[in-house]
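Next, two complexes with subunit A in common: one pairs it with subunit B, the other with subunit C.
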Partner chain A sequence: MKRTFDTGNAAITEGAILAGCRLFSGYPITPATEIAENMSRRLPQVGGFYLQAEDENAALHICNGGSIGGLKAMTATSGPGFILFADPFGWAVSSEIPVVIVNSQRVGPVSGITGAPGQGEFYFSRYLTHGGNYETIVLAPNSVQEAFCLTVRAFYLAERFRTPVTVLADQMVTDGWETLIIPETDEEFRGMGLESVPRRIHPGPEFYPASDAIDIPPVVLGHNTGAACSDWTPTDRGHDTEDVTWQHKHAWRLIHKIRNHRELIDESETWFLEDDPEIILVAYGTPSRVVQSAVRAARKEGLKVGGIRPISLWPFQDALFSRKASYLTVELNWDGQLVREVQRAAAPGSSVHFWGRCGELPSVRELLAAVRRLKEGKALERDGWRTEAW
Partner chain B sequence: MAERIEILISGFGGQGVVRIGQILGQAAVYEGLFTTMLISHGTETRGGYVRSQLVISDEFIDSPVVERPDYFCAFSAIAYGMFKVLCTPQSLILHNPDLVTPDSALSARHWAIRAESLAERELGNAVFANVIFLGALSSKLKSISSENLVRALQDRLPPRYHEQNLRALELGRSL
Partner chain C sequence: MNGMAGVLRRGEMRDVMEKYVRPEKNPGTACSGCGLRLAHRKVLEAIDELGLGLGDVVWGTGIGCSGRQTFVTWKGDTFAGTHGRVYAMATGLRLALPPEKRLILTVGDGDAFTIGFLHLLNCARRNVDMTVVVFDNLGYQSTGGQYGVTTPLGSRTDSSPYGAWEPNWTQGGFDVLRILKEAGATFLARHTVLQGHEPVESLKRAIRNRGLSLVQLIYPCVTHYGAQALGTRDLAKIYDWFRDRTVESIDADSSDSFTTGIFHDAVGSRPEFAASMREFVASVQKEGNHG
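Now for the complex of A and B:
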């Protein structure tokens, strides 16, 4: 094991290299620029390719092309670049191209604030392209170490499910420095609970079956079948069609190959859920670290508080919210995003509340004050325009 | 009982706010401790606002937020003005009195270090001021040995600058 002090950007780079990534294409953007920098240095050392694109739209197109060519590929960006993925992301979803996307969320909308964290792409990461008719996988690390592990996992899931997988980080994870442990042997890699699937090649000649089956190798151009890269609806041979019957079969596969294998995707961390919590704090990414401290501090005060941290964000884990309670989501945005999903999933009779801010993490003190107000049945209204309204 | 040390370093881009956090954090990792450092910054490479929030602990760190700094290195009057409110009577604020005027209403302890002029006089360049601050700060941290601090500094800086930075570190530690 190599024990270092490094950034989330470095962790993501090393995770990708160990997972077998051999193509990176991207466009520099704070706070994910270091991923591109690190990849441009690291990939040539392992026989891989780094290609700077003219913009993010081109970057993900290049990654898709590289993946169809047989390489594991990744791109990384922040919100203003993430929006340009809409087109190539849809192509990767529909043509079932394994590819890994990293988005380090900063403050938005548009350029917003560069060097400060936000969480504005919770829903956007789910609906990154148009047309619906698909399910997607999004993973959210809350530490440098987890950024490493979830990058490895993203490649693993992308290969097994033939789909783009998004690592939805935030500025504090990618720019932040922390103790980072990197395995140096296969045994250490497995010992850390990490898994990897080598790139395999679709045997052809048929395209993918109209089923929810996973672990079917992705199509690689020049091998067995050429039907791979058209963005039209495919028949079972991968030929273009405008027949709605084939479209239905295609959409069913895109949705249910993911929804029917939730046991491979769902991941979460919880605190004091079995200890009769009345108030449950919910957060993903860096704010969840503060939530963890706040839950512990609340318990020390004798308050019946618990915590939930979804690690896989999409598909959303409704089952985590089956307990009737008062839920408080803690998010790095002012408009409230995660809170809407929790409100939808929460057990009947629950109340759902929102604590939001952008650009700065909350403090334990602030969260404890919110918990006390909830316990007293008071609204979380704060000064002036800082209200609970969402 | 876990010991959690919170350190806040803030100033302008180019003053070495992130660099000294990197060295200190790396030294803490060499000590086998857990370390987190959050970085906040503006768009500019130099001259913009920068803040490092460093937490060192002998157990896993959940919240990485510095809420009550044990040590605050204020490299500019603006940084001092922004974050002095977080300080408690136990906090120690390291500052350069040529740049920062202490707030007499504050109960925190202040330690005045004329690091820029000291660096210019002893090392011929004010750029070493941040490592003088690092030396001074590290002399208060019992959990980090000077051997590991030197090792971390050598890891994080190019070899051609080692000699002068090690002298700056020693200057700081002897204050």
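Now for the complex of A and C:
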């Protein structure tokens, strides 16, 4: 084991390289620039390619191109670059090509504040392209070490599911400095619960079967398999068609290869859920660190409080919210995003509330105050906002 | 010369089609009388005359008439990109492919010169080894006929009902190929598909180039450009208009003509991008950890 003190950006870089990433293409953007910088230094050392693209749209297209040539590839960005992924993300989803995307969320919309954390892309990461008819995988780290582990995991899932996987971090995770442990042998790698699969090559020329099967090798060009790779509606030969029957089969595969293998994706952390919580705080990413402290502090006060941290965000883990309770989501946005999904998933009879802020974290004291108001049946207020309306 | 006789050598067409094109995709999606099949065939002829087989070429396509006509026609390895971004995809793919594989992209004028031009310029800057064949039908025809940056000024289209007046990149002293030359492309040529073998010779030179090659192949659209801008769907009249407008000189005045020939031949003059990348990576590895 190599024990270091480093940033989330460095952790993501090292995780990617250990997972076999050999192509990174990106465009400088705060707060994800250091991932590109680290990649430009590290990739050539391991025989990989760093390619600075003309924009983020090109960056992910370059990654897609590398991936259909057989390279494991990754790009990293923040909100204003993330919006430019709609086109190549959709291509990779529909062509069923593995690729890894990192988004270090900052304050938006648009340029917003560059060097402060936000959580405005909860839904956008789910619906990053147009047209629907797909499911996607999004993982959300809340520490430097987890940023490392989830980057490795993202590559693993991308290969097995033949799909893009998004690591949805935030500025504090990627810029923050913490202890980082990096395995140095395969045994240590496995010992940390990490997994990796090499790129395999689809035998072609038939396209993927109309099934929810995973572990089918993705199309790789250049091996004379007669493989066809495209975002058009495929038949079993990979050809484009305007036939809705084939489109239905394609959509079913895109959705259910992921939904029917939830056990490989679902991951969460919970606090005091088995101790009869009346109020349950919910957060992902950096705010979950404050939530964890707030839940413990509340318990010390004798308040029946629990906590839920989804680590895999999408597909959304409805089962985490099967308990009837008063849920309070804590998010780095003012409009309320996670709260809407919790409201949908929460057990009947639950009440669902929202505590939001953007660009800075809540304090434990503020969250405890919110918990007490909820317990007293009082409306929640936030800085300058008269109600918690969302 | 009778233009029709010059282009429709059906026996030959069937040969290269049978050799390289997936049977279920032949004759393809183009309208009756469309010049796309001729354009498609020119590329196949060039591949054939170079002695290249299915395993030697990876074929990519864009969107629009050209994309739909050529997408997954190649019997070998093939892919379809998003509109205008296939150049970026091909850049990533080029890094992954063995250097000897020829990478050919068949795209339209909208794909290459408008929505994708930023990416194309950057491919030229890097001199990435690929051959971009622009099947130029003088505008956006697959969407029903709107003007583009190669549409002759004054053309009536569905989005220029009073005649196209916006400056384009082919007249008024502009030439889109000059922009690409300045950006670093190493082989550039323009022809019409009604010209006999010259386009094939240029395509052969383009495909052999280990760098960014682009061949602009202007072809007649009967259904939209013919009907809207030329006022006829009569194949002979449309082909006559094309022939009358074609000048077999690349340096001629382009205000009322398609200037044709090799625009820029700098094959071998610049390092190729993927090769340079591999050399760079090898040098970092050789010199050890710079970390």
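One rule holds in what follows: the second predicted complex is superposed on the first by the 381 of 390 C-alpha atoms of A that agree within 3 Å, B and C clash if a C-alpha of one lies under 4 Å from a C-alpha of the other, contacts with A are read in each partner's own complex, and residues count from 1 in each chain.
Methods note: a residue touches a chain if its C-beta (ideal position, glycine included) is under 8 Å from a C-beta of that chain, and two chains touch if they have at least 3 such contacts.
Values in this document were obtained by computation on a predicted structure and should not be read as measured data.
K.L.:
What's your read, subunit B or subunit C touching more residues of subunit A?
P.N.:
With both complexes superposed on chain A, more residues of subunit A are touched by C.
K.L.:
Is A:H248 contacted by the first partner subunit B, the second partner subunit C, both or neither?
P.N.:
Neither partner.
K.L.:
After lining up the shared chain so the two structures overlap, which partner does A:D231 touch, if you call subunit B first and subunit C second: first, second, both or neither?
P.N.:
Touch status of A:D231: second partner only.
K.L.:
Report for A:R262: first if it touches subunit B alone, second if subunit C alone, otherwise both or neither.
P.N.:
A:R262: touches no partner chain.
K.L.:
Given the touch rule stated above, what does A:G115 touch, subunit B (first), subunit C (second), both, or neither?
P.N.:
A:G115: touches subunit B, not subunit C.
K.L.:
In their complex, what parts of subunit B are in touch with subunit A?
P.N.:
Residue positions touching the partner: 21-22, 25-26, 28-29, 34-43, 61-65, 67.
K.L.:
Mind listing the subunit C positions that touch subunit A in their complex?
P.N.:
22, 24-25, 54-55, 58, 68, 71-72, 75-82, 85, 88-98, 101, 118-119, 122, 277, 280-281, 284-285, 289-291
K.L.:
Can you list the residues on subunit A that touch subunit C in the complex?
P.N.:
23, 25, 41-45, 47-49, 51, 53-55, 57-59, 61-71, 73, 87-88, 90-91, 95, 204, 221-232, 237-240
K.L.:
Flag every residue of subunit A that touches subunit B in the complex, lowest number first.
P.N.:
The contact residues of subunit A facing subunit B are 3-5, 30, 114-116, 172, 175-179, 286, 289-290, 292-294, 296, 360-365.
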